[in-house]
Structures are given as C-alpha cells and as structure tokens.
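Note that chain A is present in both complexes that follow, paired respectively with chain B and with chain C.
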Partner chain A sequence: MNVQGPALAWQSVLLVRLAFRNILRHRRRTLLTMLSMTGGYILCAAAISLQYGSYGNAIEFFVKDRTGHIQIHEGNYLQRPRIHKAIAEPDDLARRLINDADVIALTTRVFAPSLAYSEHKNAPANVIGVDVDGEAATTTIIAKVHEGEFLTGQADADGYFSALIGMGLADLLKIGGGDELILISVGADGSIANDIFIVRGLVGTRRSADRLNVYLPLGAAQAFLSMGDRVHEFSLIIRNLGDSVAVADRLGGLLPESLSVDPWERVELTFYKTMQADREAMFVTLGIVVFIVCIGVLNTVLMSVLERTREFGVLKAIGTRPGRIAWMVLTENAILSGLSCLLGLFLALPIVGFMTIVGFELAEPMDVGGVLMSHVRGEFSLRIFAVPFALVVTTAVLVSIPPGIRAARILPIQALAST
Partner chain B sequence: MLNLKLAFRNLFRNGRRTLLTCLLIGFSLSALIIVDGIILGMSKLLVESATHLMSGEAQVHRRGYLDSFDVDLYIADPGALQATLERNPAVAGYSMRVMSGGMVSSPYNVAAAMILGLDAGQEKSVSRISESLVDGEYLSGMDTELIIGSDLADLLEVKLGDRIVLTLSQVDGGGISQELFRLSGISRFGIRELDSTTAFINLDRARGMMGMDTAVHEIAIRYAEGEDSANRNHPLLAELSNSEYEALGWKDFNASIGTMLETIDLVTIVVGMILFLLASFGVINTMFMSIYERIYEFGVIKAIGTRPTDLIKLVLCESFLIAVGSVICGTLLGGAVSYYFSVSGVILGEFEVSGIAFHNNIYSVLEPAQFIEFPIYVILLTVIASLYPAAFAAKIVPSEALQKSL
Partner chain C sequence: MIIGSRPLLCASLALFAYLGGIAEAQESNAERAKQIIEEVDNLYRGDASDARMKMTVETPQYQRTLTMDSATLGRERMLIRILGPKKDRGISTLKQESEMWNYFPKINKVIKVPPSMMMGSWMGSDFNNDDLVRDTDLTEEYVLKLTETSDTFEISLTPKQKTVTVWGRIDYVIDKHARVPISQTYFDDDGEKIRVMSFSENREFSGRTIPSVMEMVPLRKPGHRTVVTFERLQLNPDSVSADLFTLRNLKKRF
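What follows is the complex of A and B.
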C-alpha cells in the first residue's frame, strides 16, 4: 500500500500526540527527568558562554591594543627579533596592502630595546616607533593616553621629538609630561644610538603590559635607530576578524617570499594554544556532565518502557509495526529533552545575560599565555544556546535507542501474559 | 535490622534500575575524584612553580620595592634580618639577592632583562636554579660567570663560553655600569619571565657593579614546613616587617597565582555541587519510580499497621544501600583512574597561565579527602535526596493504594 502524503502527515501528528500523552502520564517523573536535563543545559550554556566570552573579550582587547588582526614581518622577526630584520620599501608594500579588498587599515612600527634615562634615574625600556596616524586608526592607543596628549610627528621649536611613556617607566624615572627623556640603544648599523625626547603623555596603567614602553613617532624612531625608512612590523586590520587565518595565508602567497604574514593566532601563539587547551578541557568536562545526566535519562526511559510492556504488547497485537513503536519512544524522548532545553533556555537567558553585561571582575588580573585577563565575561549569541541544545537533545535521543529497540522487540504473547 | 534486610531485597527486585542508579551516583563520584585529582595536580605545579623554582615561599623587601623595582629601594643593612632568619626554626633556608633591570648584549643581538645577583650557596636552599640548568655549570663564585634563560640565549644567539656584556643601573645616583661576562650556564624553568628575560650572576659581582656593599634588594625564604607557606600571617613575617621593610608570603607577592588558585577552588566546588544536584534528581526519580511500582505493596504494609516512620526508614535504608554500593564502585573506579593519572600523568594540551608553561603531563594528586570525605558527602546527599520520595511513601493512604490495579 502506498502511503499518501496527508496520511503520512497524519501518522506523524498521531505519533507526536501519543508521545505527548505518554510523557504526561507520569508527571512527577517527567518533571524530575526534565529538571536534570534542564540543569545540564544551563550548566553547559553558562560554561560555554563564559569560555567564549572571556577569550573573545581578551582577543578583542589585545587585537585593538597591540597586535592588530594580521602582522607582517621580515623573515623570522616574530620569533627572533633583531634590529636589522626590517622590511625594505614599506611605502610600496603599504600601497599594495591598502588596495586589497580585505584590508581596512594598517600601521607600521619599529622596535628596539633600550635604556631610558631621566636626570637621576635609569631603567630598561621598550622603544616602539609608531606611525602617528596609522597607530591611532588601528589601535586604542589614544584612549590609553591619560596624562598629556598623543604624539605628533613634528619636532618642537627646539628640534626635539615627542614621546609617550608607560606608567611604570614614569614611576621609575620619576618624570612626567614636559620632562626630558634620554634613550640609549644600538642602531641597525651597530652604532650606539642616543637622543633626547620630550615626554608628551603617559599611557596605560602601572600593571598593564605597556608599562615599560616608550612610543616615538615613526620617523624619529627610524632616525634614532639609523634604520632609513625601513620598518619591523606591519599591523593590519581586516574586514572580518574571523577570516584572519585565511586572509593571512592569501596575503602570504601574494607578497614576496621573504615576508612572513601571521594572523593573531600565530602572533599570540601561546595564548591561542592555551585557549584551545582550555576549550578542550571544558568540552570534556561538559561531556562528563551530559553523560551523567544521560544515565539518569536512560534509567527513566527504561523504566517507562518496562512499565508499559503490556501496552506495547497490545499495540503490536493490533498490528503496529516494531519501527513505529521504537519511533514513538524516540519521539517521547526528543520531545522531553526539547522541552527541557526550552525551559533551560528560558532560565539560562537571564544568567547568560547577566554574565555578558556585568560579568565577574577578577581580584588580580590573570596572565593567560602572555595576555592579561582582568574580567571574566559571558558571550550572548546563538551558539551559546544552540550548542548545548544540540548536545543535550542528541545524547538524550541516542540513549533512548536501546530502550526503543527493546520496546519494538516485545512479543505480544509474552507481554500480554506478563502482569 | 529488618528494614535493612527488606531494603536489600527490594533493591534486587529491579536489578537493572538499581544498577543504573548506582552507575549515575558512582560515575558522578568518580568524575569528582578524577577532576579533583587533576586540579590538585595542576595547583601543586602552580604553587611549586610560584615558590620553589625561584621566588621562595616568602620574601623581604624595602617597602615600595615591589611596586617599582627601583634599584635605590634596597635593604641597607640585612644583618639584623639575617640574624632573625638564622634563629627561627621555621626557616629552612634563605637567600639574599640584588636585582636590576638592564641590557644583555651579545655580539649578535641585544635584549632587556632583569639581572639577578645571587649567592650560589644560599640559593640552593631556596630555589632550583642549579637543577634548572640545561647546559653548562651552576655559579661557583667566579667573577665572569653568567647564567641566562634558554629563550634569552636563543634570542641572543649565544652558546656556552660566548662573550656577553651586561649593562645595569647603579644605586644612588643613576649611573650605569657595563661589564663583560662569559656565558657559563643556560637555564630552563618553564616560566616565561625566567626563561626569556632573566640573567643570573654572582652576588658579589653584582654588588660591585651596582655600587652596593652589603645591601640587598630581596631576601627569599624557604620554610621548613610546606604548610607554613600558605599562611599569609605567619608570625615570622610580622617579626621581619617594620616601618622600613616588608615581609610577604608568596600569595601576596605573587597575587595573580594566589587569586587564580582560589578561583580554581571555587569553580571546582561550584561544578561539583551542580554535578551532584543533577545526580540527586536522578536519585529522587529512581526512588519515586520504585515507590510507584510498589504502591499496592505499601498500601498493604500500611493496612496491616506499619507506621509511616517505618516506611520512611525503609526507603531511606534502600537509598543508603544504593549510595554505599555506588560509592564503593565509584571510589574504586575514580581511584583507579586517578592513580593511573598520578603515575603516568594526563596531557591537557599546551597551555600557559601566569607565565608558567604546562606542556608536559600533569600528575594527579591523590588525597585522603577524595576517598573519605567525598564518599561521605555522596552518601549523605543521596539519603537527603530520597527524603522527599520517602515522605511520599509514608503518606500513602491504604484505602486508595489498594484500589489501584497494577
């Protein structure tokens, strides 16, 4: 017999209605089973939200703070920085990059370790020469300047260039805005580099990663380090942060062999690996939680199947196919787990919302793979709620397969004979 | 006794259900034991990295030194502190250090680094520099000796015997001094800061370069008893502190690891509690199912005069037996896995927190609490969870129960 479309639809509706009724036959049991699945769902959603949110925030922070989305260096500068490993003719490269469809903004930098002196004190400092306009366009540096002002590319009336210094350095050298700063380093040609700069502002805080940095206008830093017009680093902002690896690989193919193009995942490799390891650990933990929840579900389904042995026997005796009985058990569980997740969703929304908007402040910032995290926040997005949904419903349906098969295999004659 | 016997029999009437319930509780306990073991192992590694590798369990500085690492904030006369440390039986060892930020230059490259002057002998009782050497020799007091971290050695592209110039700040006046060293050792701690930005030289040489006589910047202390290190208010710390000097336990001078350990503990407790909340839903559910099945039976028992409290006792006995059975299995399974992890370690992937790199196996730590307290909690929780079904059973009205068919 060929089952017509409407008949099939009717059968499905019947199946769902039957399943619904069966669920409601034992309300207390249903509720308790649902509670454990709901609890599992909420725990998963909260954990995934915190995981993605915290790391997402940290990534967003350091991407804006210093790394950008993609960096370009000469050779292995990223792993082994040396002053002479610099990119030649940066203007040509900049023109090529900015015409690329994926690249939104870029900036160039030079780096050098150096000693900083004030009148009575000295301290080691990281000198960073930045393209004044590019840096402002690609990073949050302007927002970090809280005493004084941002750099200008021009020298003052006496011919001195301006510098921004980190708070740690300002403390050590006991200097502030308007004071003289003397820097000593080694130039690209091996000569001793030294020059005087005027502190124009202070950046960051006493604990931030930039506390021992000195920011100089790019031209002044290049002259100080005898680097000509060469730079150590290109930092790019691209259209979509999520494409960083693909775009970096594509650009790597287009640009000269000697340049290495790295997405933030490779620039902050330790952080990235830590994040991956932490994520794996979280999914293993959630797997255990879901597994334990599912033993409970299996128990319930099995009980409800055993309880209804006679009933299934009757169903089979009047000609119901084994497949449909198995389907019904699966449908019951799918509905049960689906409803639990809906309830969980309802309860998890405010929890995840709170974690996303307020979050938890850590008493001390935590150093994760070289990135300071001071705030734990949630993420509020579809995947936070969809992943646990899929996880709970799938496992709940999977564990109901054996009881379903058991129900399907019931022999009417034995079932009806049993009490 | 009768209750116990009856309960025992009841459990075997539906063996599969009992087994699944036992699995539920047992696995929860196993999971808790295993996870706790791994987390303790991680915490232990963190604490050891934070204390025994380099910092010591307590440190004395001039007040304000830790905020700025200003070379001028030194302990001018450490003699009195030294006498206190020698006298105190709680102290296993101490080490005096001078420190300065400076530049390390090789013929190929230059890098900023923290340069530490150490007393080779004292240091052995506090830190593990001598055991962290991957190449070369430990300090012996010779003037040109220098040990640098492996990452710094990579950056400077140097090998043993190469010439390295150190430039560091002098105290009181802001001068700098520059002297030549020969690389005599390369260390690897697995701590980013120590491996990539630290250089070690002999204490006297460092003092000479910095223009210090007997002064020091830091005294690192190792306690005789490991437990003392967790005590932020150890009497020794108060004895060493005054208006000028400040003695701190490691949880205070390395606050980020201290906070992180506390956070980890908190998260473990929260996750453990949720796990058992979920498991107890399962227990309540199972007990209810077994009571529903036996409503007729309970009706009969009540009809012949059994008191409600006896029924409660019966149900609680059943859950107690289930709990004991599960706990035995769970403890055995959890203990076995945890023991395996404690011997051969568990790989959690590569990660780095608070500058401490974990790329090797983490070895689980087995503690009596996992095998005594956890199981007791689980039994208690299971019995408490079944109070609700037990109360339900006690309230069964015989006349209604007996009307129900099977």
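What follows is the complex of A and C.
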C-alpha cells in the first residue's frame, strides 16, 4: 500500500495554502506586482493580435491578388522564367486537381514581357494571359477594375480581343477604355508576336505592383504568344491557407516529376521571410517588455524572501526539506502571475475584440496589389491569449528561481539569529 | 675610323633592306588579304541583288522555317519581306545606311530598331540585327593577316583601335580554288570562340559559284542553329532600284 501519495497531496495543498497566505500578507505590494504583470499581459496580447491580424490581412490580400495558395509550374520556371517552360495539356491537369479534396478553385496563366504601343507612345508591359472565369473565382482582379469592365473571352465584332491594363501603363500610353493597344513580344516559337487589342478596363492604381500589367483572355494570349494550349502557371486556392505547405508537398508527390508545386510561402519567399523576421523581432520586443515587468516581480520576490528569513529558518528547523521551500516560493509566483494573467485576459478580451471587429483606420489607405486596405485589424484566436499567458507565467517563475534557491539554502541557526 | 665603320654601314644597309623587305612583304600580304576579303564580301551582293531564301531556326524547344525575299543595293540598302509562314507573312525589314526598321502588317506599324536592340535576335534567329545593318568595310576597320595552306586562305581580322565592334577577332577561311567562303569564326575580346558561320553547297547563281547554304551556330547556346538556304539569287537585276528601299515601300502590301 502506497502511503506516500495522500501525504504528498496533503503537502501540496498545504504548500498552495501557504503560498496564498504569503501572497495576501502584503496586499498592496501584491496588487502592484499583479498590476504590472497584468499590464504586460494586455500589452503582449494586443501587440500579438495586431501583428497576426495585420499580417493575416496582408497575406490574404497578397495570395488573393495573384499568387493563390499554391502554384504549379514546369521545371524551374519560378526561378528562371522562360516562355518555352510551359505546362502541356493543362486541361488534363486541371481536371485532376479540381477533383482533389483540398483544392476548391484554380486558374491558369501565361506570362510574357512585351512592348506596348498606342498611337504615339510606347512603354514596356507585362502581359498576363488569364482564364477569365478562373481568375475571377480565385483572385481579387474584379475588385481591382477601377474603370471599365472585366475581360471577356470572346473577340468583338471586328475580331479584336479585350485587354485590361494597369493605370501606370494607361498613363504612359495616354489611352483608356475603348482605345487600341498594340502589343509586341517574342512568341514561344521565336516569332515576333504582334497584335492589336481593345482596352476594356483599367486595373489597380498608379503605384500598385500591377501598374504596368496587361491582362488578356487566356486563349488570346496563347494565340498571341504562339503557345498552343500550354500555360505557364496553375494557381490553386485550397480549403485552408494554413495547410499550403503540406498540401503543396502532397500534390508534388502525386503530379509528374517535371512539375514543381510550391506553396505561396515559397513562391513569394522574400515577402514570407521578411514577414517571419518581423514576427521574430516582435517577439524579441515583447520578451524585453515582459523581462522588464518581471524584474519588478524579482524585486518583490526577493523582498518577500528576505522578510521571511526567520520563517524559512523555523521551517527548516522543524524538518522542512530545502526543495519544498524553493518550491513554495515558485508556487507563490506561479499563482501570482497566473492570477495576473487571468485579470489581464478579462481586460484584454474587449480590447482585442475591438481591434478585431473595428480595427484602426489608416491615415492613408495602404495599397496591396492594387486593392486598398483602409483598416488594420487584429486577430482574435486562442493563440493571441495563450502565448502571452505562457510568456508571463514562465518568465515570472524563472525570475523567482534565484530567490527560491536562496530561501532553500538558509541555515536555520543563522536565520533564527537574524533580526 | 671611316674604314673601320664600313662593315657596320654595310650591315646597317643590309638590315634596312631586310626590314624593308619584311614591310613590303607585310604590305603585300595585307593587300592580298584585302583583295580576297572584298571578293568574298561582294560575293552575295554584287552592286545589287534579289534573292529568295529559306531560313530555318532550330532550338532545343522548337524549329521554325521562314521563307523570305530579300533585295540589296550596294552595301547600304536592304529590304527583306517574309513570305511564310502565314502568321508572319508581310513582316518586313528595311535597312538604310546604319538604320533599320521593321514593319508589322498585322498592327500596321513601322518600328525603328533602336541602337540598344542591335545585338538582339533578328526574327528569332541566331543572326542579330547588327549582322543585317552592319555596313562596315572590313578591310578598313580591321587589320588583316593572311596565311595560306594548299587549299585555303585563312585571314585573321583584328579590329583597329578606333573600330567599334563587339568582336575581338574574326577568322575567315576561304576556299583557295573556288574563291568562296568556308567559314567565319567570331571571337570575343578574351579570345573565346562565340559563333561560327559555315558555308556549303556551292551553286551557280548569275554566273557565279556561291555557297547556297549558310549555317550560323552560336557556341554559347547548345542546340541552337540557324540555316539560311538561297533558293534563288540574282545579281545586279534590273528590278532592284533605289525607290524600293523606302519607308513607304516597306509598308506596301504584297
């Protein structure tokens, strides 16, 4: 029969009761310490919410603007784009992908650098051939059409296909809706691609990344570039953006080896790495804030330990083991920081809720790929509250280890002799 | 002293005579090279020419064949019209002196080729715009050095200090008996071989024996080559006159 179990449980209850008694002994000091930790918790929760929220919004805008969640290319097209590196028989691949459980929408594209001409002006342009229906379903392109209308896949009565052009290009060429746009490029067969299109609408803004883009219906762009039915890019939208890496890796194993499947994190590696670095910097900043808060906690714990030197001496004299004394000091701080975080949670909930629902209006709307972001909003999720909780409690317990060891090492004879 | 210096004087005279002989030999070597280069350079051109050509461009990704008519007048004027394939029909290139324009009938637009595009590919081939435009007098712009074998003349052309060119050296190999080119090899400034143009299948055109096939191989682009075959070449025809080489005529539909 194990008699140590109930005894240990009783000792633990006793330890918690002792810890509570010590916490409540100097209520004013305890309250001030708690307030500093509560403040640290709220600050962390708000900062993390805003950071994750704004990045979440930026990522959502970004992937919907053009990358999609996952992209598929032929070979190393992503690293070294060349017009001939195109995916053959895209219809078969599209059928296969759309039947995948994780894929909810897809679109196909072709790309080519080009020279654009109007009657008297010329400018460089990026030609992007898009699947009219697929692009509308997977991206925010329709929202970016500021003047005129979105593309149609059919040629007009004179046999000309429509084009959407970036605002920057429209300015350079001094053309608008209904005007002729002449494009010259190099076809996939080495020929000189040249054709006339009719501007149907303008997209983005004068400063957005798509300001020099020309969007053409996919079929017209393929014919213009002598590409047959081949495409340069598949862009997929999957059920859960957070699964992009796992789904890309799974699809990569299923599709022919010549195709490379990349999640948006690899497609826009620089953006992703910058974002990650920014997040890490935020955590370092928050760590410093929490550390400063916990320096105050350390001071409180040290004072508390010094004040109770005789008490610890008595406890050791009646046979309390050093480990239990150290454990008592740690428990006091764990309870104190835990209560502070609970209070912080209570206060942070409405603050984070406000930031998530209402957010902060930007003085000047931010352009994300031609779509204007007027507000920065926070994120409301378990991690927003759990991460600061763990951060504050862990740091508070860690800083109370040295005072705990000091308390455990007290010699009863010296402690009892002290005043 | 005077008597004593006589052998020295004789030796000096002999040396001058020898050096003079070398200089004369060098001059006659350069003169001969110049004559051969001019002969080869004018082989396809005459004072005027009218030709039909087939150009096949091969790359690891595609093969494309164009048929075209070309006309030249002197060294300065040239007009090329693409006859096929259908989607490229009517695309034309006009050269006047050192300027060049392309006409695209589908968009009804004449576009001048800017100097920055001169090294760009012409119609997707391994010839660049500069190959068409260049009216350099090789014998004036380059230092020529001739060596002979039993069957060939080998002429090395090194650009003079003032010559504006991307080539560090051009080596011509010419058939000594038929007086037709066999190959032209282009080197960069570091002496690395960049491209080789080979000539083959000699045919009789307007009373001249001329290689009817030219093959350009860019050595830095594996799997790429362009082959131009002359199907017809008429030298000094009556149909070619100065009014053919105008911007108005460039836009003329045919």
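Keep in mind that, in the parts below, the second predicted complex is superposed on the first by the 329 of 419 C-alpha atoms of A that agree within 3 Å, B and C clash if a C-alpha of one lies under 4 Å from a C-alpha of the other, contacts with A are read in each partner's own complex, and residues count from 1 in each chain.
The criterion applied here is as follows: contacts are C-beta pairs under 8 Å (C-beta built on N, C-alpha and C of every residue); 3 or more make two chains touch, one makes a residue touch a chain.
Computed from a prediction, not measured in an experiment: that's the story for all the values here.
Contact with chain B, but none with chain C, is seen for A:L298 once the two complexes are overlaid on the shared chain. Once the two complexes are overlaid on the shared chain, A:L35 sits against chain B while remaining clear of chain C.
When the two structures are aligned on the shared chain, A:Y117 is found in touch with chain B and with chain C. When both complexes are overlaid on chain A, the residue A:G176 reaches neither chain B nor chain C.
When the two structures are aligned on the shared chain, A:G287 is found in touch with neither chain B nor chain C.
In the superposition on chain A, A:S191 makes contact with chain C only, not with chain B. When chain A is checked against chain B and against chain C, the one touching more of its residues turns out to be B. Overlap of the chain B and chain C interfaces on chain A comprises residues 117, 186. For chain B in complex with chain A, the touching residues are 16-17, 20-21, 23-24, 27-28, 31, 35, 67-70, 72, 101-103, 105, 108-113, 154-155, 157, 167, 169, 173-174, 176, 192, 255-256, 258-260, 263, 271, 274-275, 277-279, 281-282, 284-286, 288-289, 292-293, 348-355, 357, 406.
Put simply, chain A touches chain B in their complex at residues 26, 28-29, 32-33, 35-36, 39-40, 43, 80-83, 113-115, 117-126, 168, 171-172, 185-186, 206, 212, 270-271, 273-274, 276-278, 280-281, 285, 288-289, 291-293, 295-296, 298-300, 302-303, 307, 362-370, 419.
Touching chain A in their complex are the following residues of chain C: 57, 59, 61-62, 64, 87-88, 91, 102, 104, 106-107, 109, 111, 121, 123-125. Looking at the complex, you find that chain A touches chain C at residues 84, 117, 182, 184, 186-192, 194-196, 226.
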